[in-house]
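Here is the structure we will look at.
A, B, C and D are the chain letters, set down in written order, and residue numbers restart from 1 in every chain.
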Amino acid sequence: MGIRIFVTGGTFDKEYNEIDGTLYFKDTHLSEILELARCRVGVHIRTLMMIDSLEMNDEDRAMILDNCRKAKEDQIVITHGTDTMETTARLLGGAALSKTIVLTGAMIPYKFGSSDGLFNLGSALALVQTLPPGVYVAMNGRYYTWDNVRKNRNTGRFEELR
Amino acid sequence: MGIRIFVTGGTFDKEYNEIDGTLYFKDTHLSEILELARCRVGVHIRTLMMIDSLEMNDEDRAMILDNCRKAKEDQIVITHGTDTMETTARLLGGAALSKTIVLTGAMIPYKFGSSDGLFNLGSALALVQTLPPGVYVAMNGRYYTWDNVRKNRNTGRFEELR
Amino acid sequence: MGIRIFVTGGTFDKEYNEIDGTLYFKDTHLSEILELARCRVGVHIRTLMMIDSLEMNDEDRAMILDNCRKAKEDQIVITHGTDTMETTARLLGGAALSKTIVLTGAMIPYKFGSSDGLFNLGSALALVQTLPPGVYVAMNGRYYTWDNVRKNRNTGRFEELR
Amino acid sequence: MGIRIFVTGGTFDKEYNEIDGTLYFKDTHLSEILELARCRVGVHIRTLMMIDSLEMNDEDRAMILDNCRKAKEDQIVITHGTDTMETTARLLGGAALSKTIVLTGAMIPYKFGSSDGLFNLGSALALVQTLPPGVYVAMNGRYYTWDNVRKNRNTGRFEELR
């Protein structure tokens, strides 16, 4: 069956616009990253949106949930901006699908060469194959359940609520 | 308690000698890699040896097993050359320690910038936190149990025996 | 005597702030770049400012000119943001110092790994050793005299005025 | 007319064979490097050979000279292994063509991500546009005339003979 990867954007996929010096989205780098990683596990990648997670609204999240629900696969990885990853995780977690869903992202764009994204994606793909059904956030070597995670706005790190 | 990481060398840590154009070992890059990955999980790194796994002998492997046995941690990641990773895995697996041990490595040296090592290490650290006691090989998005894995010499890929 | 390098900031030295996703300045990467380049020519680096060249004002430019005038070296490279590089070049060119001064910069921050800055710096250091006294802009394999250069705002490329 | 680039191989273009851990040649990375550098100067690239310069023989060198002689361009850059760059330079220099010829190379393969090659190529392309007819070696921020250069085998650095 393989693993379903839903791409939603986030720092992971940001590019640098050399004309005006801003960061923007073009295409996802997921395929390129998996090739670099010599990834041998079967994945199906689908881009749902390419946005900064600060701009993700309720409709976007409902669409992500809908795609998770309808996916044939029981193992789903979602690349997502870190700023509101916890919000999407809670929506998905509350839906209690009988699937293993792992959200992951990056603090540094993949294109900037020294990204944590490659490491996080390695973690997420491992976790989605080993964790029981549920919704999880995988960042920087750790994983969190959907109802016990937040991003600390000051440190930029993920942490447990309690 | 945290995770114990044993470094044994392998392609992961190879360097390029610009004077004579050969590959060699200096220090491990594990700390640097974990910093790049913004890794937040507690790890204790110990370098056991820095060798090409083709040069690893029975004594070296006995020493690795001994270190796994004596480690206080129940979660152990071993970075290892890919060529004889399966041999070390079998020795460790046969010892049936009640610990989760994950061997990982890289096809491309970390220093060459486009390494699969960062991805594999992310996988290995996730797997060691989620898999039941046993010995596993984690490479390129997949994981294998110690008694069902080999490296295909022609393709360079890991695969199941049966 | 060696070559004097004045650092003024620009895209060359920009960093990515992973907490808020903005670009900012910390320290210059010039020493690190020259080490990577295994540069064997004697250079003296001095940071005059670390700013986006869109924020460079007349006072800043007067200070750069003053430093060029007072420098003991006859060969001066200035790293500079590309947006107003032509303005600084004109001020320096009009002063008609009997020195070879080469301004250079980058379209992509060095830290993003795939920078043109390393290439441009190689050019600038070569040009400052070979061109007669005067003020030049060195970008992307070409060089321009101070009174015949502008950055095309639409394409992001440097071009001659006539 | 533009600049002619002759590719002969060398460390510059070496690749890492992940199956057997050796270094080898496939295709040149010159076009890719010039794209990364956003190079705006017109160049014509031609691959003459793809070899380690330790394996370059008299016939190979005669062929390089012949190509320099017949090239329509007066500005020629040659990428070359560093080990015998001085030998080729002497052959070309002795021929006294009325062209500017600059040999350059790298201590670290471009594919390894932290190469001096990008920097050296920036230098070489600048020098070929500014130096008078003659044959030069451009390495690591410096340039040498063909009759006054050697690679120090111990340090790996280029230096003047006298």
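The criterion applied here is as follows: contacts are C-beta pairs under 8 Å (C-beta built on N, C-alpha and C of every residue); 3 or more make two chains touch, one makes a residue touch a chain.
Remember, it's a predicted structure, so these values are computed and weren't measured experimentally.
**Q** Give me the chains shared as neighbours by chain B and chain C.
**A** Both chain B and chain C are touched by A, D, going by the contact rule given at the top.
**Q** Let me check something: if the centre of a chain is the mean of its CA atoms, which chain is farthest from chain A?
**A** Chain centre farthest from chain A's centre: D.
**Q** CA centre of chain B versus CA centre of chain D: separation in Å?
**A** Distance between chain centres: 39 Å.
**Q** On a C-alpha centroid basis, what's the spacing between chain A and chain B, in Å?
**A** 26
**Q** Going by the touch rule set out above, which residues of chain D reach two or more other chains?
**A** 107, 113-114
**Q** Touching chain A in the complex: which residues of chain C?
**A** Going by the criterion above, the answer is residues 11, 14, 16, 18-19, 21, 23, 52, 107-109, 111-114, 153-156.
**Q** Looking at the complex, which residues from chain B come into contact with chain A?
**A** Of all residues in chain B, those touching chain A are 33-34, 36-41, 43, 107, 113-114, 116, 118-127, 129-131, 138-143, 157-158.
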